[in-house]
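In what follows, chain A forms one complex with chain B and a second complex with chain C.
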Partner chain A sequence: MTAELTAPPRDIALGLRNLTTEFRTHDGPLRAVNQVTLDVYRGRALAIIGESGSGKSALLRSVLGLLPRSAKITGNVFLDGRDLLAVRRKEREAVRGSRIGMIFQDPLTALDPVFTIGRQLTETLRRHHRLREPAARSRALELLEAVRIPAPEHRFNAYPFELSGGMRQRVVIAMALAGEPEILLADEPTTALDATVQARVMALIASIQQERTMAMVIVTHDLAAASQVADDIAVMYAGRVIEQGPVADVIGSPAHPYTRGLLGANVQAGQTRPPAIIPGAPPNLARLPPGCSFAPRCAESKPACWTNGFPTARARSRTHWAACLNVPGPGGTR
Partner chain B sequence: MTRFIAGRLLAAVPLLVGISLVIFVLMQVLPGNEVASILPPGAGPEETAALRHSLGLDQSLPLRFWTWLTNLFTGNLGYSAVQQRTVSSLIAAAWLNTAILALCTAAFGILSGVALGVTAAYHRGKWIDRLLSGVSLTGLSVPSFWLAIVLLGIFGATLRLLPTQGTGLGDGAGSFILHLIMPMVAGGLVTQGLTAKVARAAMIEALDAEYVETLRAKGLRVPRILWHAFKNSLNPVLATSGLQLGYLLGGQVLIETIFSWPGMGKLVYAAIGARDLQTVQGAMLVIAATFVVLNLVVDIVQAAVNPVLRGSHG
Partner chain C sequence: MSGPRDKESELLAVADLHKTFRLRGGREASAVDGVTMSVAAGATLGIVGESGCGKSTLARMIVGLVQPDRGRISFDGKPLPAERSGEARRDIQMVFQDPYSALNPKASVGDSVGLALRVHGHDRAETRRRVRALLDQVGLHANHASYYPHQLSGGQRQRVNIARALALDPRLVVCDEAVSALDKSVQAQILALLRELRTEKNLSFVFISHDLNVVEYMSDQVAVMYLGRIVETGTPAQLYRRPLHPYTKALLASVPQLGTKVREPPVVDGDVPSPLDPPSGCRFRTRCPHATEICAATTPRLEEHDQGQRVACHLYPPQGEAHVRRS
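Up next is the complex of A and B:
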């Protein structure tokens, strides 16, 4: 299932083809990531939206190879023409931090509690660049300034527990940038932060991405943040990408019923009626229904949705597609 | 950090005073007549009373405690009528011998235990983990005195490879090392087993922590990541090590007796048998004080390693 995007060719920083990640469970094999095909373009940000269990976090970890050995990963992850899944482990690991940087969700647990943040920064710098301690220190201070931490010299010798959540997350961002990667992966970077701090950290990430023209994949379930930060959106459900397109198109005219449900469930400030929920619950990934995984919860499902295997991608426009039998293409069906 | 240390030092003083009181009271409760073992048999009541007076035994209990306590501050631990020497001179030599054996045994046990535990944790679940865990469990379960006798029998008596008694300190480093091997191994296997257990569990927990994922994502290599995890696992390891060292510094009666190692264990054991209460009292206090100081040092090292433990900070 490959959607042929006939968009004007841009540089593809990261190309995922039929990426599948399978775990063995008591209930049988479980595909946390199921035949995902995505392109991440240089200098553009892709937001991946989905519920918990949709596979979005597993997707990021599959790209960097951070999953346990029991996870079976198949497909291709193209970085600069090289398939990361086909090279040796050492080459794959060399990519971490230097070509692809990652920001994690919970700053409280992402940092090692018994090392100062200065140390955690300089060790990353020295891993990726040949630097002596004084040079590493001044670079670390520059990074702390870049993520807008006040009084960086003072904070350099601080331990993680001495910093607030927002500041810790800024340190995590600084660490991800230390190796000067061209691609940034962010796994719900603001979800664990206070509401007041979320917007500022998100804005920081956006500005850094644009200043350094990095390609970014940001996983989030905050649609508002996604629409501000991202250029493109991919919607995931039950391990698959079910819709993808530019931000304005996906949010303005969502093609997939699930996406419409997500947008409808979004609570607006000042709204008085209860939020519109999507009935039912996400499926057990080890026991998926035949046909479309969303069919059991879909108000628009037809009998065909249950039978013909998972729907193939249908183009809504040149850059916008959805995997749904109900999508009319620009020139009719199929 | 200095405030932390000062606070701990201050707290140690009342602790030691309390311990002295307990020891003193326990000594008074011991059955047996202190004076009878010193006097020749057949001594009359006058000699008994005279000796009791000269030893200060006819004073009231609180007064005797107070005298003893204040004497401690001048380094006077009493006089052993049995051995005809000051208690402090007896203890000084014995303590040094015990300390040497204890430090070497602890170093052997702790270092090998940590190596076993960390390796087992890194290869958790595989055969090497099972092997190493089995080895440390065996060392933990085997009675040290039995092992001491067996080693003595094989290497000392039968094969005549190693010396069977004394410290060998007077004959140079080589002789000392030969004398050290058997008591060190016999006494250290328990420490090794305990430390390995704790190190393995702590290391596994550290390796499962979320920051390990960040470390991998940063591109750090495996040795560096292991160092991070190890530093996080040190807390329980340091605590157990401190306890083990404290126990060893108290003098291992069995090991010291079997190998004729002239340390605190042997001293106290002999003194109890001879009803040399002054020596027993002084020795027990020294052992207790060593333990308190050691715990203090362990606390300080733990706080140095793990900043979260330092108390009020930013």
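Up next is the complex of A and C:
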């Protein structure tokens, strides 16, 4: 859908094409992710923004192959021209540990409570990097240092419960970096942390991504946090990406009415006027409306929005597009 | 907050409230340690702080769900006894964070909202009539009364919780992270509803949240809590424009603002210490860039600094003494 809008393919670290994920439910098939086409560029951070049920986490899990077998995933996930969805499970697992690093929301469940963090780190290094004992240990200490854990030799033998939430999330980040990945995927990495800790962990993730010129996808519901670390933003609604572009464009001149609503609903510092209200609630993903899925809540919808299928992407600039009939498309019709 | 202003208008006053939880193995967690604050009639007091700061324990003591170890809670000028009267329980209601677990999944919306009315002596017909009016007031339909919680969205469930809290015509509603579990677009709807109810019914609120922007928007007065104590209070304008306490400053610096790329870490290091083993003296000193020996030795008192803005920090000696800043 956006292939013609993207930069040359050599800059693309990860390319999603028509990625669709369906779950079987009592109401029939539920499309959690609906024909998502996205490119993640080398050295750039992409934030995927969405509210609960928008499909942002399901998207990340589909890419990683972390969904239950009952989930039906179609489309392509290209890494270096190879489709991760087409390769065997074993091969995908190898890629997951080495080329793609993952950071999850809750650091306590991401770590095994019965092993020391040193043991968990060296295990990862032995498995994915084939490092032997002394080398694995010194590399693990390097990683703990890279995520700014004070006194790493001392923490090496600590169990997860002995660390604070912020320290645990640093360990999770260190584990994600163990395989020297080219791509870092983070699912709400600071949501479970306290505000003052959140800011530091976010700053750490941003600096690591830049130092190592990794591609990063960060999934979050927090627009402000996303704008701090990301270069680009993709906004998801009801399983689809409905707007994408550089942070300054999406936040400065949002093209989709939903993005505008989300920005207006965000209470900002020093705000005295009431936050904008998006009426209603997101649609049931098993019973999507025939036209634009946002039309029932949209103040700007017109008859065509309800009937003409989901709107195709319309470009605002070479890098900024939105799936809305009210955005003047390439043909310029309104 | 309870400064020189006339005490007449104070609806809720809390004085030197303490609560320590005893855990297995004889360990003790100091959750609330000497909190004094008040809420004026028709006003909203916002409370901000990170996990473990005691804001939820404070909320539960105000509504009577947790018994304080020490201290006084007065409502409308009268001290509230440990065993509260029916009237006192009607007057102070609470809205919880998780709109789903706060509702009985096996009770219909009408039963959940009407239960308190029945308990407080309304008959069936009167209860049904009141429930319909309440649902209407919070922006739901009368026929939502026959729905069950799982049939509602998160925002609708929180509306039900608000309707239930309003059922007995309270004068003070304590909202403990009442919008935190909601999506931003739904959160805005609930904030608008709360503001509307406040004007219409002259309700007072204690509005607890970790979201500083939302608290600023909702509150007339704000108290910042850290490890069981209030470290600073004032109007939103005072606190947000000219924060005094190093913790308030750190908290404000941590709030991501739209479109700003702050890549350098903010000043405060480390995590919040455990309430099982709080630092001596000022509890923030272990993370404070300005801490000196006096901070470990003496607990700073919450003293008025300027026009009702109060701060508990040795950097700001009480008025009258010389204004020497230690750094």
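As a working rule, the second predicted complex is superposed on the first by the 320 of 334 C-alpha atoms of A that agree within 3 Å, B and C clash if a C-alpha of one lies under 4 Å from a C-alpha of the other, contacts with A are read in each partner's own complex, and residues count from 1 in each chain.
The rule is short, and it goes like this: a residue touches a chain if its C-beta (ideal position, glycine included) is under 8 Å from a C-beta of that chain, and two chains touch if they have at least 3 such contacts.
Bear in mind that the values here come from a model prediction, so they are computed numbers and not experimental data.
*Asks:* Chain A residues in contact: does chain B have more, or chain C?
*Replies:* Of the two chains, more chain A residues are contacted by C.
*Asks:* Given the touch rule stated above, what does A:F161 touch, chain B (first), chain C (second), both, or neither?
*Replies:* first
*Asks:* Check the residue A:G81 against both partner chains and state whether it touches chain B (first), chain C (second), both, or neither.
*Replies:* Neither partner.
*Asks:* After superposition on the shared chain, which partner residues are touched by A:P68: those of chain B (first), chain C (second), both, or neither?
*Replies:* Neither partner.
*Asks:* Touching A:A195, do we find chain B (first), chain C (second), both, or neither?
*Replies:* Second partner only.
*Asks:* Report for A:Q228: first if it touches chain B alone, second if chain C alone, otherwise both or neither.
*Replies:* Once the two structures are laid over each other on A, A:Q228 reaches chain C alone.
*Asks:* Identify the partner contact of A:G309: answer first if only chain B is touched, second if only chain C is, both if each is, neither if none is.
*Replies:* Neither: A:G309 stays clear of chain B and chain C.
*Asks:* Which partner does A:G28 reach: the first (chain B), the second (chain C), both, or neither?
*Replies:* After superposition on chain A, A:G28 lies in contact with neither partner.
*Asks:* After superposition on the shared chain, which partner residues are touched by A:A110: those of chain B (first), chain C (second), both, or neither?
*Replies:* In the superposition, A:A110 touches chain B alone.
*Asks:* Inside the complex, what are the residues of chain A that reach chain C?
*Replies:* Touch residues, chain A against chain C: 51-52, 164-167, 194-200, 202-204, 206-207, 221-225, 227-228, 247-248, 251-252, 261-272, 274-279, 281.
*Asks:* Which residues of chain A touch chain B once you look at their complex with the stated criterion?
*Replies:* 64, 66, 93-98, 101-102, 104, 106, 109-115, 123-124, 127-128, 158-159, 161-162, 172, 175-176, 178-179
*Asks:* Mind pulling up the chain C residues that touch chain A in the complex?
*Replies:* Contact set of chain C toward chain A: 50-51, 153-156, 183-189, 191-192, 195, 210-214, 216-217, 240, 250-251, 253-266, 268, 270-272.
*Asks:* Can you name the residues of chain B that touch chain A in the complex?
*Replies:* It comes out as residues 209-211, 213-221, 224, 228, 231-232, 305-308, 313-314.
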